[in-house]
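The structures come next, written out as structure tokens.
Shared chain: subunit A. Partners: subunit B in the first complex, subunit C in the second.
What follows is the complex of A and B.
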């Protein structure tokens, strides 16, 4: 990477704060700058950092929930209701977890209620 | 079969798994055996982290604790680690299981056996956990070096003596016999402990970045000479990851400390610290630590200082054990002023300098007596060795000076010619083949004969035979009055007279033949 993801995220957020009226232009030129610098492969990392910073700045938490099987829209809504509106909730599918759910909060705390974890523990 | 099913049933019925929040980290970058991990804010420096990779749970060591991430070195093959893998804390710092059952084994830096002889510890009750990084003994816990470690190499035991608890560097270019000296020192420990009153020295050979074939050759040689019984080999060959090469000396040191804490004497050979410094440089650069001179990181001095400081002679209150360190450094084209050689020279208590010019002149071991020094070992030299070796260094130094001077002179006076002849004779006497360490009594007898002019009338070509046969003769004919007291390090007029008469009778016998 030419520049660290942290620096991109900081620069983007500061630019938005300083020029709130040019929001669309900033988003467009930010992506252009990332790809121009050859840091395109790290875009996911940079966007995750921006999400984290915005959510934490608003007093919320970044919640990442991994389910073993696809959820219905109703269940997704019910699940999201368990969290505050300030929280950023991401839901993804991971069949290798066999059954259950794994919730990661702010990239630091994890609640693992999957069958894969139980099987691993039993086999250990 | 029924028993297995019953056991499984018990495991399933008794299985408990409470859902609770746990601290985790996430791998954000991985490559070249290094992983960058986000989260785990409470991780300790040098703590073992467990990476849940696709190939199983892999241990990693937390090296860099940064504001928002951890730089960790993955121990072992890092192929299965991917971005997004979960990482958990183990709460433990890197340690190794140490016990007497390690003797005779070849292990990797994590204590796993490499010799195909099965598990290392059959009796787990006698095993202790030893951290790889430990504080060196304090000033109060130490005492001065007082007992010698005999290497079986005449020139070292006479001129550059090593004491138990000392750190003596072996330095020289490639292929000058550095490892051979260290191996002779290991081989000699068996005969040095027999009937001399000195404790058996446990040996640890740490191979860092060496060829697998070389390590196999060394292990075979130790086995053939029955030296493997009191030796442990810690192997991190050139094919192993840099993390393993970096950890190997610390693992060897932890094993040495186990024996030292038991009040025993241990000898550790780090072969070699140049490659160890290279592996640390590799890890540091990959961790993006700022490079300094020769691209080594800023704490390269501290790395070797903290390792070698752990060699010590403990006080009686602490059990009186010792750990002697023989680090090896490979120089490039004899350049001792490079970064790592100067560092290690200044850390150790002396150095044995091997010159390639001497090696190619046929002087083996190719020890340069002028550049070699032992700063504390003379205090540990036995009385007998001190008595005979006192003049040796001076005579050799004078000889070297004259040798350089007379290269241009054709006509020499009688005195100078005598001195040169004596110097040549001493050089011949100090020559020794690899893997043939001499017992201390025989070393004393040989040097005594050479220094006191008993060999002056022996032709240069016959010195080798004389040197070989004289000790055999003394061993067979004068065991009680010469060999036994000399082995214990004793020296008095009676022994001196006995030695003189033994040498004379051997010479007479040779003449008669």
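What follows is the complex of A and C.
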């Protein structure tokens, strides 16, 4: 990467804070600059960092939830009600988890309630 | 008298001279013969002495050779014994290693089978397992949130 993701996120948020009315222009220019610098492949990392900063700035938590398969609406509701509107909840699917959920809060607290982990623990 | 004098002068004296010379020659021959005999005896003695020395030396060489051969044989026997011990030890280690490998392979296979069996069972009703595990996670998150809000 030409510049670290942290620098991109910081620059983007500062620009947005200084000129909130030019949001669309800032987004377009920002994306153009990232790709022009050859850092396009890291765009997901940069956007995740921006999301984290915005969420934390608003007093929320960044929650990453990995499920083995798509859950029923009822289960999703039950799960999401544990988080506030300030929290940013990202859901992804990982079939290798077999069943259950793995939750990562703010990239630090991990809650692994997957069957894959339970099986591994059992067979250790 | 004259005849006797003449004979003495002409015959006896030369005859005596010849006899004297002959005697001297015989004596010299005897002396030389005796010396030669003594020399031969000395040579024979020396020969016997040399033979004795050679025999002694040969005996020493054979004795030394035998001792060295015995030492060599002892060394070979000791080394052979050590080598045999090493081979047995190595064979034991190989057997142990193979046993351990077989045990590990069996354990790995058993784990794979158990894992497959669990997954197969879960796949019969995955939603129920998901629901149970997600509920547990929700309970844990509730507890965590309560802890944070209290803190």
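Here is the rule we use: the second predicted complex is superposed on the first by the 120 of 124 C-alpha atoms of A that agree within 3 Å, B and C clash if a C-alpha of one lies under 4 Å from a C-alpha of the other, contacts with A are read in each partner's own complex, and residues count from 1 in each chain.
Just so it is clear, a residue touches a chain if its C-beta (ideal position, glycine included) is under 8 Å from a C-beta of that chain, and two chains touch if they have at least 3 such contacts.
Bear in mind the structure is a predicted one, so any value in this text is a computation, not a measurement.
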| item | value |
| --- | --- |
| Three-chain arrangement built on subunit A, subunit B and subunit C clash or fit | fit |
| Which of subunit B and subunit C A:82 touches, first, second, both or neither | second |
| Most subunit A residues touched (candidates subunit B, subunit C) | C |
| Which of subunit B and subunit C A:72 touches, first, second, both or neither | second |
| Once both complexes are placed on the shared chain, angle at subunit A toward subunit B and subunit C, C-alpha, multiple of 10 degrees | 20 |
| Touching partner for A:104 - first (subunit B), second (subunit C), both, neither | first |
| Partner chain in contact with A:113 - subunit B first, subunit C second, else both or neither | both |
| Touching partner for A:58 - first (subunit B), second (subunit C), both, neither | neither |
| Which of subunit B and subunit C A:6 touches, first, second, both or neither | first |
| Three-chain overlay, closest Cα atoms of subunit B and subunit C, distance in Å | 6 |
| Touching both subunit C and subunit B, counted on subunit A across the two superposed complexes | 105, 109, 111, 113, 122 |
| Subunit C-touching residues of subunit A, taken from the complex the two chains share | 67-69, 71-72, 75, 78-79, 82-83, 98-101, 103, 105, 109, 111, 113-115, 119, 122-123 |
| List of subunit C residues in touch with subunit A within their complex | 111, 114-115, 118-119, 122, 126-127, 129-131, 133-138, 140-142, 144-145 |
| List of subunit B residues in touch with subunit A within their complex | 11-12, 15, 17, 19-26, 28, 38-41, 68, 86 |
| Of all residues in subunit A, those that touch subunit B in their complex | 6, 45, 104-105, 107-113, 117-118, 121-122 |
